[in-house]
Each structure stands twice: as structure tokens, then as C-alpha cells.
Amino acid sequence: MIALARDLFPLNRSLTGEGVRATLRRIAREIPLDVIEVPTGTRVFDWEIPREWSLRQAYIVTPDGRRIADAAVHNLHVMGYSGPVRARMTLGELRPHLHGDPARPTVIPYRTSYYADNWGFCLPQAEIDTLADGQYEVVIDANLAPGSMTLGEIFVPGETDAETLFYTHTCHPSLANDNLSGMAVCVELARWLRARRNRFSYRLVFGPGTIGSLAWLAMRRDVWPRIRHGLVVVLAGNRAPLTYKATRTGQADIDRIARAYIANEEPGGTVIPFSAWGYDERQFGSPGFALPVGRLTRSAEEGYPEYHSSADDLSILDADALSGSLRACQTIVAALESNAHYRNTSPYGEPQLGRRGIYRSIGGPASGNLQKAMLWVLSLSDGTEDLAGIYARSGLPFADIERAVGLLTGAGLLELPADVSA
Amino acid sequence: MIALARDLFPLNRSLTGEGVRATLRRIAREIPLDVIEVPTGTRVFDWEIPREWSLRQAYIVTPDGRRIADAAVHNLHVMGYSGPVRARMTLGELRPHLHGDPARPTVIPYRTSYYADNWGFCLPQAEIDTLADGQYEVVIDANLAPGSMTLGEIFVPGETDAETLFYTHTCHPSLANDNLSGMAVCVELARWLRARRNRFSYRLVFGPGTIGSLAWLAMRRDVWPRIRHGLVVVLAGNRAPLTYKATRTGQADIDRIARAYIANEEPGGTVIPFSAWGYDERQFGSPGFALPVGRLTRSAEEGYPEYHSSADDLSILDADALSGSLRACQTIVAALESNAHYRNTSPYGEPQLGRRGIYRSIGGPASGNLQKAMLWVLSLSDGTEDLAGIYARSGLPFADIERAVGLLTGAGLLELPADVSA
Amino acid sequence: MIALARDLFPLNRSLTGEGVRATLRRIAREIPLDVIEVPTGTRVFDWEIPREWSLRQAYIVTPDGRRIADAAVHNLHVMGYSGPVRARMTLGELRPHLHGDPARPTVIPYRTSYYADNWGFCLPQAEIDTLADGQYEVVIDANLAPGSMTLGEIFVPGETDAETLFYTHTCHPSLANDNLSGMAVCVELARWLRARRNRFSYRLVFGPGTIGSLAWLAMRRDVWPRIRHGLVVVLAGNRAPLTYKATRTGQADIDRIARAYIANEEPGGTVIPFSAWGYDERQFGSPGFALPVGRLTRSAEEGYPEYHSSADDLSILDADALSGSLRACQTIVAALESNAHYRNTSPYGEPQLGRRGIYRSIGGPASGNLQKAMLWVLSLSDGTEDLAGIYARSGLPFADIERAVGLLTGAGLLELPADVSA
């Protein structure tokens, strides 16, 4: 995952343009991918696909001839969606177009101006503060022209056409945790899903934030009613415990399962309620769609010091954090896949597991998790509680629940009622 | 508010009598007020209005000729509703009638004996402990005679005859936080309500504790079914965060709104569940009425060191605390007034606020509360959630929610379904 | 209770056998007891009653002639249900049969092998570690033969045939907190119940863990539908606050009452949710029975350092802890017995208690619990809340609630609707 992130880091992504296309081509080398182009001017609900932005070069020349804020040096130097400029101006005229972050004076902040005609440069505040009066040469060789917005989609068919959706945004240039980590995890998750036999079909979507998810929803109206569960996976690679943000209702299966994952398997992890801002979960969860889509991040939004700045580079990506995020997604998928209301066929007291060879034989301390998982599954499988509920109440890793279900089903102690469609 | 409290402090209030009448006359100089006199002997539910108490003078002369416990020096020296006494007695005979507070030996405690024939004096325990044996002269020149109990009521008519009730007690003499603060806040609240156009009609009642609210309920049987919300406001002026005590069910609109106020706008504030004792909220919340009346105090009941003693004087009233209590009442009123189930007219994803000029244009950190409030209102206005619920879930100040509703309604993004009566 | 525990301590209890019978005979000297014998081979649901185990002697002779692990010295030295052995073997051959506890090297751990053919000795790990190579003589003079499993039952008839069940296990030899404390508390509880007039009938059952409760349930099929409430009482004698483990649903009357007891009357106590392991509550709560049986312990399962070892001896039993456990059971019984939906006959406001002589007369601080209890009972007795709910919401000791109900009923302020069967 880190290797993929390394390749994607230098590409100059934005809402639209060649940076995103190059990103999707690189991903397609890992796993087959459908590319969706949505033309400029297409209406997507309350929005319209903007013109495509191409940047050839951008820089400022100081009165003493130094070239600064050069987009060739760092993608973040030019404000996203800046229009073309070629002018000489005083520092006073230039200043409103210079963006620094006084609270983090040594980093280049990340700024965009997607939906207003504007232009600007981003620099360390410390550098802005040293600029001397005089005439500055300002060059933004950019183009805003009809084109299209580009999304990628990996579809993994399952036994049913009920779908589980994963979404990760692709519109941030040269930011590592936000957004390369999400792409890397989704690519590995897709690879894992393709190697499994799944009950649900899966769709993993790579697109820009906000307008990307709306465009995808507008293109895929037939898919909406089939979406049973969904997860936005972003900011998944830095060293911080996972945070799950609940869906709009907080009561969906994915909420119950992700909440159990955080409680049982992610020390220090947190669950936060749905909120009306954040990433694309707020589009999926808007009142018209009201889809059960949660969100998995490590530090959420502005919760890590490198957020939306040049400090969010490859050095803050952690291999264990990425693996942990992938494992969380896999566990949530496994729990969604196997979730059902089982029935204990020997419900009068605890069955004698020892006689069936699935219980430790010498009474002593520290029953293992698998033993406990068997007892939990037997105890709660009265037809009213599903595995997601057992997972939550047991406090055990889902893998133990799943293994217990296998052992008990094998021993004839557990069955899935024929009419249950989960 | 502090000036009003200063004027009211010396008046010798009790359940009945001239002290209360003088108090209401002073309030009437601020704002028009209806005075209700309920005659002695009137049955109010399980109670009967007591005789009216008048005190001309009360003191003790010690064996060495000093006058102590003189009601002319401090109203609290004589136990409320003491009957007339003029006698000489030994210290042993006098002692059962002397009330001090061993835990706070330097203050005069506040004691009453409304419903039992009795008399007594209250003194600092330290002073009691120095009394020498000998003959004491005891004088209570008081009168318990047929008369009436006096209440004040401010009625502020609104667009509907559904009512919101405020109640504050008036029966404590020379205690500042308990009860002048409540009167001062209610007077200012009434002034503010009269200057607004309100959906609800408002009634602000000034009466004695317990029997006062019962007498008011007995007089106003026609009003009961119109009371939609209510709040007892008392002990609202000392330096401590606000405490909201929930109504009997804990599920009323005022509970949801006051709970959100405490959580979102009162750092350090607390919410306590309904309990069967406290102030007049327990009468309004008794099973026969079961009215949705909560209570707002700063330190509740016995929760501040000066409680029910001469230390509860004007020095513990804090202008900011009084203003904060008033602001809480105003915010609760504003939220009750505007509460409704709005509907987002553009529910498929987030509408593009920028194009309508109601969104910041350059992406960067720290979206303001107003931006967040717009997103919350849009996200939750699917017809099932009201503004009180949005207030609670958003964690934002209500003023931002209200402003967001105004902006979104102005932009045509929000509407109030015609058939909704809130 | 400590005297009874002292007598029972040396008896060599197990699932079956003379140790249990001697235990029940000793209990029968305190209180009449029905003895139930369930023959070897009887099917009880998924289980079968095992052969009866008798142990005459068991020990090891070391190469240098010392007798160690002698069951005559401590019952725990021989693993429960060890089969007969008489052999000489090397330390290497013996070692798999020696059980120590490396985490607690100085204690004899408690081990059993009920349902697998096996034998073994338990010793302090420190002693195991000193054993030298050489030939060991191993003697277990034990017998596993057809016989029966023995349970004791005390039945206390009440006014109705609805039943409340208490269960305590009897299968642990020479362990004091686990299980003599439970037996001692249940004996005293039975004595107290027999001296009262009760609405419910009571059954206190003394039997082995797991198979004992299942055998009892198999023998008493007619009783199942009559069980309204139940409590497993075990590990009730060491110095630690009480822990209540909820029933399967967590919503039974006994859950509401025991939760209130812990919150109101057991400082430091805790309530834990139902779990699928523990003691016999998991049999009563299995899906086929789903009986409302909670559990009362002090430190639960492995939660105290002496658990399942020779350190769990009489020295850790505390007279106050035993009394406290008994008092908890008595309070829970009292609350179950008197639980009902009362109705306040004077529901419009607080009735004037003073006039009826059941209220303090001089207003002052610190209303006693009884005063508060009267207000709570009056306030919540609108026909929808029962005493269990009032107990929970009031935060008061149940004795005060009960006394308040008596006073208010006596004053005609409270009545029990004729048609309520609680």
C-alpha cells in the first residue's frame, strides 16, 4: 500500500483533470477499474460539473528575481482551480492572493477555489512574512475549459445483487494520509474481495469529494435501491486509532458491526455520531438518499497536525496503520457477509461441548475466546438476535464468533432457518 | 436586575402579608402586573390558605439587658409564621425556640413554621453558645389573622392561546439568590417577551413556594389544558453553572431544548432528572397535573454554602450570572417558539450553497458555526426531525440554527409544510 | 454463617458423592431440606448424569520417600474425578498429570476433569519445580461407579404458587468463598423466608454447577412456568462490593430491583450485563428456558486473587460481607414481594403531609430519607410506575420506600387498585 501511495503522491490531482486520470491508470495496474467520465455542464442534482482544470506552470518571481511558490516544486503552491494570470503587481496587490497558515507557519497550506473565479498561491506563512515591497511577476499558466470529471469504479459481483459500497476521495494533490491512504486501502480491499466468494456485490468508487459522490449517485440511479451497506474510507494511514462515524440513523447493520469492531478490536478507537459535515458520507446520508453509509478514518477531519498541508506527506503513512485499516474493512465485510439469525438446536441449557470434542477438557482458568464465542453464540441464538448483535454483546473478535459458528454448525448445534434472508 | 434585587432585599416576605405585596408593587413599577389575592381559608386541593402573618417587632432581651435576635436588624432573626409571645423565661425554657446551624456557626439560618403553631428565633450558633443562664425577655409582636395570600401574574398574549409558563417563588425574606434572583430574571424576561411577537402566550407567575403554585393552579383551572411548556426559575444569580432539572417525563420539548442548551451553550452546566422534591416544579409535575414544567437554577437546593442563611445576601449575586440565566431563558423561549419540522427542498445531496452566496468560497479550515448549522439543518430536515432535535444533535448555539433556518428559507432550500402545526 | 462454613469446609465435595451428601446433612441440621438423588445415566437435556466418584486416598511418593500431594492433607491435591491409579513412573511420565499455577506459585490450584477419563494432582508450582528425577509412586484409590448425583431443595410456600428461585452451587471442595459463602447465605435466607408471610413461594436449591441446575430443571418441569424471578447467589463472602449480573434480557423485575439496590445501597457495587459464561445463571438463561435469573456475587469469576485455589480458605470469609450479601437478598425479596402499581388518591399537587402528622414541622435542611420517600411515592404513583421503578428513580434505600408506602396507605393517600395483580 505504501508503494502505491508513493507512486500516486506526486500526481497533481484536483476535482478534474489529468492528475486524476493518471491516478486511476496507476490503480488499474493493480486491479481492473471502470473509468467514468462525466462531461462539464452535466447537472448532478443541485450541482453542475465544472470545467476541467489544467495547470502547466505557476510561480511568482520576487523583485530580486527569485522564483517562489513554484508549482513544479510542490503541487500545493498553487490554489486549486486558479484561473490563468500573467501580470506584474505590487506586494500590496499580490497579498490577497497569498495564503499561509499563521498557526503552522512552516507548512504550505492546501487551498482550493472550485466554484468561484479566483486565483492564488499557498506558501509557508514564514515565507510570506519575509516578502519585501516591490514589483512581483505572477504566472499561472492554467486552463479552465470544457472537459469532464473522472471517477473510477471497481465492481465485484456477488451471489446477490444487494450491494455494499466503498467510497474514497481522489481530489487532493500531494497529500498522503488525506487521500492516498484511502485509495491504497480500497485497492487492497478490492483485491481481497475479488478472491472471495461473497454474498453481496461490492462497488468501490474512487472520485472527487462532494461533487464526485453526487455525480456517481446521479450516474447510478439504478444502484441506489440495491445499496444495503456502505463505508467511506479516508484518512486511514496515520498513527492514530480508528474512528468510526455512524450513519444518519446510527442504527444500520454497519453501525452495529463497526461499533463492535471499535469496541472489541481497536484499542483506543472511538465511535462518533453522524454529523452533517465531513466527507462524502454526508452526501450518501443526505435526506433524499438516506443511505446507510458510515465512515472509517483514523484522525478525523482536522484532527491531526499535518491536516491539509504539505506536512501530510508520505512520512506520516504507517504500514501498520494501513494494514489495520484494511483489517477493519475486512472484518466489517466478513461480519456483514455472515450476519444472520441462527438458531440453537439444543437450547435447553448449555450443550455438552466436551463430548463433541469442541471444548477444553480440564477445568481451569482463562477459557479461550473461542470457548467463550461458542457459549455466546449458543446463548443468544434464539432466533431474535443476529451475529452482529452477538458480536456486540460478546466483546470478542469477530473471527472467534465466525469460527464458533463454523464449529457449532458442524456439530449440528446451530442452524440457519431456511426462510431467513438475513 | 441587581438594582431591583437591592430594592427587594429588605422587604419581609413570607407566605402572606405586606412584604409580598410591597414586593409586587415594586415589580409593577418595572412592568404591569396582575395581583391575585386568595383569601384565608380558601381550599386549594389538599391545602387551605393560612391566616395572614404580620410582624411588627420581635427580639430577645438577655439577662444583662442586651437586645438580641432583633427582627429590625435582620428579617431572618424571627422564625417565619411565629405566633405572638411576650414572656419572661429561663434560658432552658427559651432554648427549644432558638435555632442555629452548628455546621455554619456564624450565619443566621432561615427557618419557618407555616403550618404548625410555634414560635422561634434564629441566631448564629456561635451567639447561642455564649448565652448565659438567667431570665430572658421574649417579644414577638405578631399577628396571625384572616387575610389573604398574594400572587402576581404577568400575562403576555401571543398569536395562539397555547401557553408557556414561568414560575418563581416570592416567600423568602432577605435572601438574595433564593429568591430575588428568580424574580429579577423573570421581570427582565417578561420585558423582553412583551417586546417580541410570540407564537405562544406567556404567563410569568410570582407566588409563594408550594401553596403558591397550588393556589395559582386552583385559580387558573381554565389555563391548565393550554400549558404546553413551563419553567420554574429560581436560585439563578450566584456564580455557578446552570442546572436544568427535567420535567416528570424527561421527554418534553422543553427537556430536549434545555438539555441542548446546557450541553451546547453552558460550559460546566448539568442536567438532573426529575425528582419529587425541590421547588414548585414538583407541584406542576404532580400526577394530577403532570405538566411539562422543568426548572432552571444555578446551584440547586442545598448546593451552595450560603443556602437558606443570612449569607445568601446581595454580595453573592453576580451580574453575569443573572444575565446568563436570562439568556438561557430567552434561548429556550426562542427555540420553543421556532421549533418545527422543516423540510429540505433540495434533499439529494448537499445543495450548492456557494452559488447562492451563503457559503464561504475558499476551502480552508474552521468552517464557522453558521456553515455547520446550515449543513445540519439541511441534513436532518427530512420531515421527521424538528429544530429542537437538530439543536441537540448539532452541538451548536441555537442562534446559529435559527440564523441558518432564516438563510436557507430565504434561499428557497427549506420550507415549513403547510399542515405542520409543530 | 461463618460457623456453618467452618463445618462444611473440610468435606470433599464434587459433582457427586458422599461429600455433597454430608454437606446437605449438615445444612439439614439448620433447616429442613429435601434431598434429590438423580441416578447415574439419567439424561438431562444434552447431558447425562456421570458415575459417582468416591475417593479413599491419593498421594505421590517421591524418589526419596516423601509423601506429597496427599489428599488427606488437602482435598485440592487430587484433581476432581480422577480415575484410579496405582503405578510407578518417572518424573517425565508424571509431569503431564501435575497441575500448578505459575502465576500463583505458592497455592494449590483447583482442577477437575469431570467428563474426560483422566487423573491428576494439583500442587504449588513452587513445589513442582523442586521435584527431582527418579521413580515416583502414584496412588489414587478412587472409584467411578454407578450411583447418583445429589441436590438439596428448600421449599417455602407462599400465598401464590408463583415462585422465586435461588440457586447456589455445592460442588467445590475446601473452597470457602466459592462455594461455602453461597450456601451459608442461602441457608440464612431460607430461615428468614420461613419466618415471613410471603406472596411468592420460594425454592432454594443447592446443587452442583452446570449439570446440577440442568438436572434440577429436568426434574422440575412443572415448576418452570411458575418461576417469576430468580437469583444465583455465589462467591458472596469476601471483602469486595457486590456485583449483580443481569438476566438474559436485562429487563426483568429482578434486574430493575437489583440494579437499584446496587446503585442506592451498595457503595462501590457494580452491575454487569448478562454474559454467556459464569455460573448456573447461564443455564437458567439459556434460550430454551430463558428464565429471569440474575446472579449476585462479590468479586465475580476470576476477579479475586484467591479464586480456585487453596488460598480461598476460611480466612477470606468476612462476617460483614456475608451479612451484606444476605441483606441484599432480603431487600431484593422485599422489593419483589411488595412491588405493585399504587395510586395516589390526592394527585393534584403534594398533599399536606404535615396536617396528617407524617411530616417534619419546621422547615430546615436535610429532609430525611423517609420524607423524600413519601414525596417520591406520591409523585410517581399515577398507576404507570411500580415501586421497583420508584426505588430506581428515587435513589433511596428500599426500606424507606416501603415505610413510606405504609404511612401513606395508612393516611389514605395511597391505594392499590383492586384489579392490579402486579
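Going in written order, the chains are labelled A, B and C, and every chain counts its residues from 1.
In the analysis below, contacts are C-beta pairs under 8 Å (C-beta built on N, C-alpha and C of every residue); 3 or more make two chains touch, one makes a residue touch a chain.
Since this is a predicted model, take the numbers as computed values, not measurements.
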Chain C against chain B, contact positions shared by both copies (same if over half, else different): different
When chain A is superposed on chain C by its C-alpha atoms, the rotation angle in degrees, nearest 5: 120
Mean-CA-position distance for chain C and chain B (Å): 50
Residues of chain C touching at least two other chains: none
Partner chain B, residues of chain A touching it in the complex: 44-47, 79-80, 99, 101, 109-116, 118, 120, 210, 213-214, 217, 248, 273-277, 282-283, 285-290, 302, 307-308
Touching residues (chain side chain A, partner chain C) in the complex: 344, 346-352, 354-355, 361-367, 371-372, 375-376, 378-382, 393-394
